[in-house]
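Look at the two complexes coming up: chain A is in both, with chain B in one and chain C in the other.
Let's look at the complex of A and B:
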């Protein structure tokens, strides 16, 4: 018994079994790394990436300028200035909409808060820029992100009052995000 | 003051050997060494001022606060819901546990009972997070001590679970999945299937990690008998989690507080004997195996259908489909997101057994939608208090082992 322990000491037995475990991986060699800029991960539908403003299928913006996203945001990313739609005093919309993406935590609380589902999170994540000011996004830029990430848009129901059109749209029938 | 008086220690003349008086007097004093804040083994930005006598540590003074972001103050600024994403950034390798501990504290304050299915979901995800935390710890601890291969293997398996989190909640590390009164999203069948596949895949992999360490004489020499702390000292320093259980104290909040679905699962709490680094390593490896058991039991026992959010309209967020279809829910949504809920006056402490120790949230409420004061009992911070006691008499290289054995993350330590 003592001889065995002595033999194990001088032949570096524990190093040998460690090397065996490592070398066994050569037999069924399967790399798990991704060569990032050349190959990219397939992101799940629920991915919380870049924020976007969405439109209805007829091209009108969903946002009603209610400011709830601004109130829900934990780091004060969003700034909304709402106004009445010209000719229609019962309707409101976001005249200006700013997002300071340098502060964003990507927590998704604004998306959860939005009562008309006007905000969405896309699968875009490559937003490194050279100038910090390029990350202060306005309404047009956010709508453009939504246009390219959500090609399938929700139908707008014209039979009802436009401000309550969303009442009939069940959440489950939302089209899935396109990659 | 003369230069001669500034000498701290002077060799005394031995009365039995008077000839030593003729030798030149030697000035000896402890060497002060700054370790960190850029040292790679400090897991963030921690500076320790070591007083050395040769290679031995005489005194160690941790200097903390390099990663201070004022999270506790931020909590006073927003509503209770708004603080959930900030808790992700406390211990950034295990965000789910911070969410869990915070939500549990607020639920205790508001006296909310979480539905059964949500309790199971929470337990499963918390245990998955515990596996991730222990894998991360094992990899980095072995890397600090000098074994590189284990790091690659643990991170390979950790990646599978992080991708699982990605599918569950949309983010790998900053998850924000827990909500006050429940959880944000339910499991999909594909998530459950992936988790079951992982549970079959993982236990053999733990044996693979252990092959590199358990018998390796370098690992044994670096961990056995290093940073020994007795049970009495561990209790008086307020240690918790594997650091406490390594000293032989059988204390686990999952067993003795019995929150979430833990009372309905059968699992054992591994307890060490010697209170050294090796015992704490052994406990963490055993806890990974126990976590696999807990997740498997929860998946079997979990009710197939049921609400994932408590229905307390004044506190919990309504489900999104009800917001679109029901005016009351819409008003509730507006009220909760703009003002928060009205918490009763009082104070509450709620501790949760995270993978490194007891993570507690102490909330003082003066009424209204915001906490008056929120204090985080971060296990890393409490453990750093025992650093001086545990590192005295050991080598400089052992200081690295001792940081690692607490599993410190500076984001949580400095808050």
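Let's look at the complex of A and C:
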């Protein structure tokens, strides 16, 4: 027993175990560095990249302006200004929607918080810019990202869907809210 | 009854022993131990209904679960609120409610402060066994300001009960049965009610929400500021909620302030007036006849230079000052100090002059107080209430609620002498609740009061103790009323002697009586005399010094009372003490370390007259708009145009400010700190909710800066310092607590009045007003007596800038009795041209049952707009 321990000491056994992977690659040499702009990694399915706003299949925005993403965001990336949709009384939407992506942690809490799945995380990550201000995205930009990242759109839900009854419903016979 | 100690009951709630008064409900007892029992339909303000079944608890020795909101406590009761059985019951009730409640919380404005959301998080499983389709109601348009989403309703009927029990409006009703019960209003057209917003505030879910702030916010974004509403003298506590310096909504929590969480349309929907886009943002200065934007430095220096020059040329007496009694006590105090020290003139007046001063002067003369001797609580617990010329719901809606509570819940007897007649309408009418109502032509209030006193004397209702103590006083009044024979009184007023006698008997018989005097009397010519006579009525029936009895003049503007107490009226120094009161002068001079100016004060009307004749050369007008609000606006304009120099501190470019040489932008109540004194003499805190709009500054800061330039620096760091100074000068301002003790009548003053004080104007007070005029009813064909009054939805001119209130009432109207309207052949909505000696204008007819025949009601708020419209 004592001999065995002594042997392990003099041949640096633990270090050999630790270096096993390195030594193996040393023998079977194959480069693993990617030549980035020319080569790109295959992203995992759950990759959390750039955020985007999505649309229904008929082209309408999914977002109902509920501000829950704003409430869920830990780093105050999001700012929603909600209002009644012009010409569609009692229907709520985000009149303005801003994301300050310089602060985003890509934690995905906003996507989880969204009750209508209007937010999605894309697989885009190439967002290096020379000017930080270009990372302050507005609703149009976020929708554009969604449009190019999610070509297949969800079908617009029926009025009586158990989870979203009375979302996205306008009552045309009512007068709009006066401003 | 009051002397015996309240019986108490001991019980145990969740193992905690608690002692509560007998008759307390279990839910309230639990609240005292810190246990919140979930509930929807229960509300402390309302009678229990026990329809939501959410508040079930387990009570030992009772076979089934009990609704804690309807079970009074009993001795030795053992209540458990969190057992497995109770939790199971909560789960079931919520499962039933959620079977139909739509999951649209993300777009619901109640989301985040919703009882159903909170209870669901606490008690329900996340799944439901219901697979059926949810109930859907057809969406109906409710009103421009109140949004309903009946699919969200949990049918607790709080709104319906509030509307009936508290507001006495009865605009809402449940329609349908079971889960298909829907809250509706009675008519097919849109909601037409008082718009108090009570249903919005009391709804536990999002079935009723405000359309005014719809979708603008989420509850967690809002910043709150507890402040005081500035629309009327009631002084309701409101909580202004703001989001990023924007006014979002107003609410008032249950139990808050003197209003106990109740509001009126002006308080609940009228908050946008202060952020109207027309607000003045920069100082304006007149150059070549035009008002142009300038800097604060230039404007203030110009004012200071001109003031100094005019003071050297004409002396300090050539200056006059006017201030609106909507300003805070601090503004009013600094204003009068500025006028008295920096300028050196006693020519000061405020809008308390229009009416409230008459009430205060009468109170001071007869009983030596300048405030009510009663409180709102006394009104609620009174046995009889006499209303004279109040139009209570329209002018002071929350005092109106106290009267309604006294009548409906405490069984008080209501006696009214009003120009409106009882009639069912969409806005509650206080005369409907009256046991004895005397319908009076607005000019006849004095004569009816005279008739009441005559009845008191003839019916032998005079207090025996008083008759012995002040024989000559009773004798003098008896003789005076004997000179007014019944037939003449009956003929003039249209009230029969038997009605008046019956009213007088009821009034004298009740133990706790309060007389509420409204603007109909206070603003009338001779209003002071009528208030004096009403005080005589109290004295004669021996009630003036009884607990819970008194005379209460209702203030129209939020700080009328404060304006008088701060000494911003012609006849008073701060205190209020008389202008010539030597000890008071010395005390104030000692504190100010400066001599007070000599010379008499001038009332508002006299000041305008002096301006016309050139006696006054310069005026400083703070927030007041005589051109717009005086009935003789054109004459006021003429007078102000004569001035060499006019400075206005204003929120908006009003008719008066448009005449000014320099206009300084001032802050509204939402942008400054301070205190205001409500009609019952309760000093309350105004707190800043938003940053000042543009370059506007609080009035006291402007005056403080100006005083420095004039060489008499009145330096204050913040409004608190001014309050501290006020406190050292005026008793009663140290109290900012919840319940002020009202002053008692000063017995020496009362004795002096009974001995000799009454004599000086007895003859003029006790003569029939308008005698020899054309008989009642003999009006000329097609002519009406015009009553210019307030409506419930507006207050002064300020509220006509509030977009919410404009959605309820956007323009003036002419209220006519349907019978009269038929006579002259007009119907609802017709445009009519009305004219009198002063001018003519066109307006829309509105048929109102409550307007008596021969009268025409016209709201004072819109007159000017309409006239300008017509000129175009």
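One rule holds in what follows: the second predicted complex is superposed on the first by the 130 of 179 C-alpha atoms of A that agree within 3 Å, B and C clash if a C-alpha of one lies under 4 Å from a C-alpha of the other, contacts with A are read in each partner's own complex, and residues count from 1 in each chain.
What we mean here is this: a residue touches a chain if its C-beta (ideal position, glycine included) is under 8 Å from a C-beta of that chain, and two chains touch if they have at least 3 such contacts.
No experiment lies behind these values; they were computed from the predicted model shown.
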item	value
Dominant contact partner of chain A by residue count, chain C or chain B	B
Which superposed partner A:15 touches (first chain B, second chain C, both, neither)	first
First (chain B), second (chain C), both or neither touched by A:120	neither
First, second, both or neither for A:146, with chain B first and chain C second	neither
Partner chain in contact with A:92 - chain B first, chain C second, else both or neither	second
First (chain B), second (chain C), both or neither touched by A:108	first
First, second, both or neither for A:71, with chain B first and chain C second	both
First, second, both or neither for A:32, with chain B first and chain C second	first
Partner chain(s) touched by A:84 [first = chain B, second = chain C, both, neither]	second
Contacts on chain A seen with chain B and repeated with chain C across the two complexes	66, 68, 71, 115, 166-167, 171
Residues on chain C engaged by chain A in the complex (per definition of touch)	102-107, 111, 133-134, 136, 139, 141, 144, 147, 149, 151, 211, 214-216, 218, 220-221, 803, 807
Residues of chain A touching chain B in the complex	9, 13-15, 17-18, 21-22, 32, 41, 43-44, 46-48, 66, 68, 71-74, 105-109, 112-113, 115, 117, 121, 166-172
Residue ranges of chain B touching chain A (in the complex, touch as defined)	78, 81-86, 88, 149, 156, 159, 163, 166-171, 174, 176, 184-185, 208, 211-212, 215-217, 317, 320-321, 323-325, 330, 333-334, 337-338
Complex contacts: residues of chain A adjacent to chain C	64-68, 71, 82-84, 90, 92, 115-116, 160, 162-167, 171, 173-175, 177-178
